[in-house]
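The structures come next, written out as structure tokens.
Below, chain A partners chain B and then partners chain C, in two separate complexes.
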Partner chain A sequence: MTRYLARRLVQAALTVFGVVTAVFFLVELSGDPAALLLPTEASPEDLARLRESLGLDEPLLVRYLAFLGNAVQGDFGDSFRQRVPALPLVLERLPATIELALSAFLLGIGMAFAASLAVRLTRSERLRTGLLWVAFTFQAIPTFFFGLILILVFSVWLGWLPSLGRGGLDHLILPAFSLATFELALYLRLLNSAFLQEQSQDYVRTAYAKGGGRAYVLVRHVLPNALLPIVTIAGINLGVLLGGAIVTETVFSWPGVGRLIVQSVSQRDYPVILAGVFVISLVFVVINLLVDLLYAVLDPRVRYS
Partner chain B sequence: MMPAPLGSWSMSFAALMLGTILAVIVVVPFLPFYDPFEQDIMSGLLRPGTEQDGRFYVLGTDFLGRDMLSRIALAGRVSLMIALSAVAISLVIGVLLGLLAGWFRGPVENLVMGLADLQLAVPRILVVIAVTAVLGPDLITLTILLGLTSWVSYGRVARAMALSLREREFVLSATTQGAGTGWNLRRHVLPNVMPQMLILSSYELGQIIVIEAALSYLGLGVQPPVPSWGLMISEGQQFLEVEPYLSLLPGLAIFMLVAGAQFLSQRFTPEGAPDADLAAMRRRR
Partner chain C sequence: MSASLLSVRDLVVEFDGPHGPVRVVDEVSFDVGAREVLGIVGESGSGKSVSLLAVMGLLPASARVAAGEIRFDGQRIDDAPEARMRALRGGAISMIFQDPMTSLNPVLRIGTQIGEAIRLHAPQTPKAELRERVEALLASVGVPDPATRARQFPHEFSGGMRQRAMIAMAIANGPKLLIADEPTTALDVTIQAQVMDVLEGVCQDNHASMILVTHDLGLVAETADRIAVMYSGRIAETAPTDALFARPSHPYTRGLLDSLPTLDAEHDELRSIPGQPPDMAARPPGCAFHPRCTLGQGRPACSSERPDLRTVGIRHAAACHYAEEAAGDAPPREAAQ
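And now, the complex of A and B:
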């Protein structure tokens, strides 16, 4: 277990390192950010002075090593636009993103569980087909477009909920629900097939033979086994959700990391992009690591080698 | 073939949606009024079904007075072209790497699966955004990027299938008769893997169309004046309160294409399609 943990930690660190390195060299490919910062009529001397003050006049390898050394200490340089350190700028947006992603995650998985359990308990074929229809429909609607429909109906037409920004719970409802529908579709399908698969296992028949009721067998025996594949997918998906949040945040003007990255891309504010990609991939990798460990707790059959 | 899990009429419904949107994409450019670019401020923001100056606008016009039906049709061509090329690129890469990994095992397998893990360690859209930020938005770059970042699902399933196929009797029998690796992969493994790969690609096609739409919505995909469904949704968003059709129509077009393709792919997939990937994941441990 300890060896497995050590190997996974090294793997995770390598991944983050790889991502950050890739982004650094990509940024290098893109040309001279100093030219973008100054007005077009700026003199070459001004340009040179700015390049020097931003450290852009050093050789590539020197800049890469300096960048790595600083990055390890959490220093990704100053934002070109706002002239403040980039990482804190990203980190102060992180709670908003986590709030959105986590509520969407819980909302999606909660609705999917409630719906699937209802299907299993009632054994209604009609309900099952109906829910699968909902799942397929939601999977085919881009989340940003669904978000727009939500704004149209609940903000513009009904006037019940605010469409922009972050604030109280009423601000959270629309973006979280819009992001959750993507989740909902996936989990509905997965839970449905996981339940079907487990339902025909011998241990279920045994449990019935011993006199277990439908609800008891479902919750006590089937659910824990059906949970297993869901945990893996859910973990990977929490990360995908962070990615999906990038678009949802823009639709609802939600002040999170995703929106910051998109804004920084259009402003070519590379330190902020670098720090943003670093933070999101770090969160992603940590979540995947936790999921793998959780897997062992849920399924003692899993052996780490 | 498995029965459709969503009921038998789902097939006809999916075919109808897909057929309608494909008909719009294919037929409209041949109609006499087709012009996705001509601006006419005087006839801007006409609602669907309006007649003006002797011309009938079936789906109305956008804020610059451009014909919505023409733009939706051209945007569909652009989207389909990007998505089909990206799917082709990722299919080739994924099948190739997956088969090699499953056939040779050992270091090749470790390398390919390591690459897959690395790919999965970052959200696809984040990779595309980061690269676009640097190289600038461009149709060809976008297509190649989407292709390069979408091979993992093919690779995993192809590898899992190759793992079991290489132990099968018909492969062993070919090997004893002197068949080499190339012959076996080409003649025995590939034909057995391809049907699964094609089902997977019809699902992926929908996903890529959605991702392209999202990127174009963010302004990082297709650039104006070339129309794209995502771009049209974002252009229409500022008029959401007064003329919601500007955003709703392109959204509906995406839905018809993506839902149609995915319902059809479900038709040919046994209950619970993601299981193939789940099984592959379990085996990986």
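And now, the complex of A and C:
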């Protein structure tokens, strides 16, 4: 187990290193940051001076090695635009992203569980088809469009909820719901097929033969087995959400990591981009590791060595 | 027969088919007396398992009891409310399934699954008592070191041990009737005899009756008091075990007996019954067995009239127009003119 963990941690570190390296060279293609920082009428001398002060005049490879040396110490450099260290700038946005991602994730998966348990318990074919229709529809609507509709209805027409920014619970409702509907659709379909598949297994018949009722057998026997295929997908998906729901964060002006990275890309703010990518890939690999460990808890047949 | 523990009368079970209902069990009747072991023998798809799922009230959603009645301890259970059936299942009637590899829940501990059988019928059982009873049950079916084994998961058990755990689960509440559906089919041959010993042992200890469903005549020969042979959803022959082996009165039973391997090498090759069991949705007219029957070839009654079960000896009945001939009482008829 310890060896397994050690191996996974090394893999995780390599993954993060690979992602950050790839992005370091990719942003280099986006153009000259100095040109965006100075007004268009700036002289070539001004540009050269700025490049020098930002360290951009060094050869690419030298800059890369210097970046790596600083990054392992947690220093991603200062934001070109805001002149403050880049990593704290990203970390400061992280709570907003976690808040939105977790609430959308829990809301979506919770609704999906409630709905699919209701379908199994009532055995209503009509309810099942109805819900799947809703799921397909939600999945087919682009997130930004659905977000705008929500704003139009609940903020503009009804005036019930704020349309942008982060604040109290009322600010969270619209963006979280907008993201959650997509999650709901995904998990509803996954759970539906997982339940159907497990329901016909022999151990279910055994549970009935012992005298279990329908709800009991569903919750005690079918559910834990149906969870197994869901956990993997949910882990990857939560990682994606925590990486910043860029579209939703933009539509609702949610001050999360995703929106920060998008802004930084358009401003060619290299340190912030790299710090952001570092944080997101770290979150992603950690969640994946946790999911694999959780899997071993849920399924006794899985043992890591 | 009034003292029967289980009495099944003219049971008809239908499945939804693409062209209307299909009779998978067709007017089947049998009785199981107190402490009696009934063997039900037949090929796959002869309706034997379905009949017993009907007794348990566990038919799949696409099937239903279309006619007949099932009585347990004198009371009808085929139309009993679900709450009553739940109390019976795992209580007075319990069932052991064919494949112990898939019949246990892979993510729950063995002890939890056995304890559940107790708790579903006595929810107030204290934890310590539950654990003691689970360990005692495991010990009674010959699982060594029950305290450790109870904490293990199904994948840590061998096939034979899993089936023992299934048996422990089935006898948790001292059932009066144990239904074992091909309990040894999925096991290694060397383990089969051990598991059968355990089954017989727990029946005696619990004073329970048992229905042993199998396609292995050799297996029931040693265990069953009576045997019912099923073919294409109907009972072809039923008799006390000795009588069935001594005087098989249905050509199908005869064929099954002839296909048993013997040690005295009268013939080197195993004999088989030619042909396949008929499709339940398109049974041949008359006797369902006649296309495969050597006795009935060319006889008009066999292909036009369906033979009913009729008495051919003491507690011995066969559904064949020429049962006496099949039993060897009458001289075999000359080859078809």
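Going forward, the second predicted complex is superposed on the first by the 299 of 305 C-alpha atoms of A that agree within 3 Å, B and C clash if a C-alpha of one lies under 4 Å from a C-alpha of the other, contacts with A are read in each partner's own complex, and residues count from 1 in each chain.
FYI, a contact is a pair of C-beta atoms (placed from the backbone, for glycine too) under 8 Å apart; a residue touches a chain by one contact, two chains touch by 3 or more.
All of these numbers come straight from a predicted model, not from anything done at the bench.
Between chain B and chain C, positioned on chain A by superposition, is the outcome a clash or a fit?
They fit: once the shared chain is superposed, the two partners occupy separate space.
Does chain B (first) or chain C (second) touch A:27, or do both, or does neither?
A:27: touches chain B, not chain C.
Report for A:266: first if it touches chain B alone, second if chain C alone, otherwise both or neither.
A:266: touches chain B, not chain C.
A:42 in the overlay: touching chain B, chain C, both, or neither? Say first, second, both or neither.
Touch partners of A:42: none, neither chain B nor chain C.
Using the superposed model, give me the angle at chain A's CA centre between the CA centres of chain B and chain C, as a multiple of 10 °.
80
Chain A residues in contact: does chain B have more, or chain C?
B
Is A:231 touching the first partner chain B, the second partner chain C, both, or neither of them?
Touch partners of A:231: none, neither chain B nor chain C.
Given the touch rule stated above, what does A:201 touch, chain B (first), chain C (second), both, or neither?
Touch partner of A:201: chain C, not chain B.
Taking the superposition on A as described, I'd like to know which of chain B and chain C A:134 touches: first, second, both or neither.
neither
Quick check on the superposed model: minimum Cα to Cα separation from chain B to chain C, whole Å please.
Taking the overlay as described at the top, chain B lies 14 Å from chain C at its nearest C-alpha.
Which residues of chain A touch chain C once you look at their complex with the stated criterion?
It is residues 201-203, 205-213, 216, 220-221, 224-225, 228, 298-301 of chain A that touch chain C.
If we count contacts the way the header does, which residues on chain C are in touch with chain A in the complex?
56, 58, 82, 86-91, 94-95, 97, 99, 102-109, 116-117, 120-121, 153, 155, 166, 169
Provide the residue numbers of chain B that touch chain A in the complex, in ascending order.
My answer: residues 5-7, 10, 117-118, 120-126, 129-136, 206, 210, 213-214, 217-220, 230, 233, 237, 240-241, 244, 247-248, 251, 254-255, 258-259, 262-263, 266, 271-275, 278, 281-282, 285.
Which positions of chain A touch chain B when the two form their complex?
Interface residues on chain A, with respect to chain B: 11, 15, 18-19, 23, 26-27, 29-30, 129, 132-133, 136-137, 139-145, 148-149, 151-152, 156, 186, 189-190, 192-194, 196-197, 229, 232-233, 236, 239-240, 242-244, 246-247, 250, 261-262, 264-266, 268, 273, 277, 280-281, 284-285, 288, 302-304.
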